[in-house]
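The chains carry the letters A, B, C and D, assigned in the order they are written, with residues numbered from 1 in each.
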Amino acid sequence: MEQPPPKSALPLGRLEAFSDGVFAIAITLLVLELHVEPGSEAHLLHSILHEWPSYLAYFTSFLTIGVVWIEHSAITGSLRSADGGLYRLNLLVLLLVGFLPFPTKLVAEFVGDREPERVAVIFYGITLLALSFALTAFVRYAAQDRALVHEHVDSQELEAAMSLSPSGFYVVGILLAFVLPTVAVAAYLASAVYRGLPARTLHRLLWRRD
Amino acid sequence: MEQPPPKSALPLGRLEAFSDGVFAIAITLLVLELHVEPGSEAHLLHSILHEWPSYLAYFTSFLTIGVVWIEHSAITGSLRSADGGLYRLNLLVLLLVGFLPFPTKLVAEFVGDREPERVAVIFYGITLLALSFALTAFVRYAAQDRALVHEHVDSQELEAAMSLSPSGFYVVGILLAFVLPTVAVAAYLASAVYRGLPARTLHRLLWRRD
Amino acid sequence: MEQPPPKSALPLGRLEAFSDGVFAIAITLLVLELHVEPGSEAHLLHSILHEWPSYLAYFTSFLTIGVVWIEHSAITGSLRSADGGLYRLNLLVLLLVGFLPFPTKLVAEFVGDREPERVAVIFYGITLLALSFALTAFVRYAAQDRALVHEHVDSQELEAAMSLSPSGFYVVGILLAFVLPTVAVAAYLASAVYRGLPARTLHRLLWRRD
Amino acid sequence: MEQPPPKSALPLGRLEAFSDGVFAIAITLLVLELHVEPGSEAHLLHSILHEWPSYLAYFTSFLTIGVVWIEHSAITGSLRSADGGLYRLNLLVLLLVGFLPFPTKLVAEFVGDREPERVAVIFYGITLLALSFALTAFVRYAAQDRALVHEHVDSQELEAAMSLSPSGFYVVGILLAFVLPTVAVAAYLASAVYRGLPARTLHRLLWRRD
C-alpha cells in the first residue's frame, strides 16, 4: 500500500492548476498576433495568404506549448507530491512558456525579410532550447527524490524518459537558422510533431495502459 | 461495480482543466476586438451602434465557443479515463477554439464591406467547420474505446450523439457566404443556438436525469 | 443522509472551473486598458494622475466582477448538482461578465468629455443591470429545483437571497447618468461595495458558520 | 482526528482556483508589453538588446508574481476552510496582482529616460509595497481564526511567518528610486529572489517535510 505523502509537502494539485492556467493562457494569447495589414480590403484573400509566416509561427508555438503541456502533465501525473524545489523549477518552465509569445511575434513579423529573419529565428530557437533544458531539469529533480514519485513509477525510467530530449533538435535548428532561417522554423515545428508522436520514450513510459 | 481505470492512463481531470482554461480564455479574449473608431466622441451612440457587425461576430463566436464547451463538458463527463490519442485530438479541438478569435476579428472588421466581407465570412465558416469535424473526431475516438467510457454510458449512443453534427449547417453557411455573407453569419449564429437547444440528441443522451 | 445526485446530471465542478476561468480573465484583462498618453514623458506624474477616469472605471469593474464572483461562488457552493438549464443561464452570466471590459473601456476613455461621457456611462449601466438580471435568473432557476440544492440549504432562503438585488441601484444609476454621468459611475461603485458588505442577505444566508 | 469545517463555510478550493486563474493570467499578460520599435528591421539584434528595461521589468514582475503565488499557495495550503473576510482580503491581493502589469509597462517604457523613469519606478514600488501589505493582512486574518487553520499548523508560527515580510525592502527601494531609479528596480528584483529562497521563514514553516 502506498504511504501518504509527508504532511507539510506542498500541494501538487495547486502546482498543476497554476501551470494549466499559464500554459492555457500562453497558448491562447498567440492568436492576438494574427492580423492582416491595414488597407487590405481590396485583396483580403491575398492578404490572408500573405501572412503565412504568422501561421507558421502560430502553429509551431501552439504545437510546442501543447506538447510541452502533455509532457508536463505526464510528469506530474507520475508524481504524488511536490516540494519547494519543484515549485521553483516549475516556475522556470512557466517563465519560458510565458515568454514564448514574444519571439513567436518576432518570427511572424520578420520571416521573409532576409536580415532580421535570421536574428528572429535564432532568438526563437534559443528560447525553445532553454525551455527544453528547463523541462529536463524539472523531470530530473522530481525523479531523484523517491518521496515525490508514485510508488508504481520507476524513477530511473522517469529520468531516462527525457534523456531523448529535443535539445539536440533545437541546437541543430539554431545552427541551421544562420543560413536557412525559414527551414529552421520548419525544423522546430518538426521537433514538436516528433515529440508528440506516441512512440516517444516519455510517452511509452507514462501512457502505457498495462 | 465499476472497475478502476488502468493505472498509467492519463489523468482526465488535467485534460478538463487545461481545456477549461483555453475555452475560457478564447471566449473572453473576443472582447478585446470590440472598440469604437477613434474620433467618435461627437456621436458616440451612433458609433457604438455602427459597430453592429462586431457585436454579431462577438455574439456568434461567444455562443459557439460556449456551446462547444458544453458539448465538450458533456463528452468528458461521460468518460472515466483519457489516453494519449484523446489528448492529441483534444489539442486539435483547442487549436481551432484558440484560432477562432482571428476569423472573428476579420468578420467584425469587414462585414458591410462588399468584397472582403465574402472572404472573411467564408474563412470564418471554414474554421467553424473544421472545429465541428475535430469535435466529432474527439467523440468518436472516445466512444470506440470501451475502457475510456463510464460503464453506465452506452458508447454507441455516445458515438451517435454527434452524428447529427452541425457540419452540414456550416457547409450550407459557407456556400451561402458566396452570395449573402451577412446572412451566412446569421446562419452560423443560428447553428450555435440550435446546438444549444435542450432537445438535441447529444443533450438528451448526456443530460437526462433518470 | 444526503442522497447522491442523479447519475447523468452535469458536473457542477466543471461549471465552476470554467466560470472561474472567465471571471479571472475578465477581471485581469481590465488592466490592458490602463495606459498613459503617448508623449507624456515630460510630466509623467501629471499624466498618470490625469488618467483618473481609467482608475475609477478599472476599480468599479474589478470590484463588480469580484463581488459577482463571490456571489456566484456562494450560490454554486450551496448546490450539489447542475443541469443543462443551469449551464445555459451560467453562460448568459459569463457573456455579460466577459462583455464588461468593453463598456469599461468606453467609460475610461470618455469620462470628462461631456457629451460622449453620458452615452458611455448609460451603456455601462445597462450592461451592469443586465448582469444583475442574469445572476438573479441563475439563482432563481437553481432554487426552484430541489434536486440541485444541497439538503442543508433552504431553497426559499436561497431564492430570497437575491431579492434585495442590486438591480434597483443600477436603474437609479442609469437615470442619474443622464444628468451627472461621473456621479453615476460612483453609484455603480457604491453598489459593488454595498454588495460586498458582510451584512447582505445573500452573505448572511450562505456564509453563516453555525 | 481533525474536525470537519463548519457546514456553510465558503469553499477554499474555489478561492484557490479563482486566485490561480488571476495569478496565471497576470503573469502571462506581461509578455504582451514586450515588443521592438517599428522600423527596427535593419538592426533587429540591436533593437532586441536595446529593450533591456522591458526585460528587467518583465523578469522582476514575473518573479514577484511567481513568488507571491508560491507564498499564497503555502498559506492556503495550511488552511482548511475560508470565510467571507478571507474572500475579501484575497480579492484585495488579486486587485494588486492584476494591477501590476500597468506599472510594469510604465517602467519598461520609461527606464533610461531620466525624469519619467523616477516617477515610474516609484509608482511601481508603491504597488509592490501595497501588494506586500495586502498579503500580510491576508495571512494575519487567516492565522487569527483557529477554525480556518489546519490542526497540524501552529497559527502563531503562521502569523510570524510573514513578519519578516518584504515591506521593508520595498520602502528602501522607493526611497532609492528618488536618486537611482534603475538600481531600485534591481532592488525590487533582489527582493523577489530573496523571498524565493528556501531558507525564508515562511518556507521553513510550511514546506518542511518532517
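Descriptive notes on the structure:
FYI, contacts are C-beta pairs under 8 Å (C-beta built on N, C-alpha and C of every residue); 3 or more make two chains touch, one makes a residue touch a chain.
All values derive from a computational prediction rather than experimental measurement.
At the interface between subunit C and subunit D, two copies of one sequence, fewer than half of the residue numbers in use appear on both sides, so the contact is built from largely different positions.
In terms of the distance between Cα centroids, subunit D is separated most widely from B.
Centres computed as Cα averages put subunit B at a distance of 25 Å from subunit C. Touching of two or more other chains is recorded for residues 17, 20-21, 24-25, 29, 32 of subunit B.
Touching subunit D in their complex are the following residues of subunit A: 6-11, 14-15, 17-18, 20-22, 24-26, 29, 32, 83-85, 87-88, 91, 94-95, 98-99, 101-102, 105-106, 110, 113, 115-116, 119-120, 123, 147. Put simply, subunit D touches subunit A in their complex at residues 16-17, 20-21, 23-25, 27-32, 34-36, 40-42, 44-45, 48, 58, 62-63, 66, 69-70, 73-74, 76-77, 152, 196, 198, 203, 206-210.
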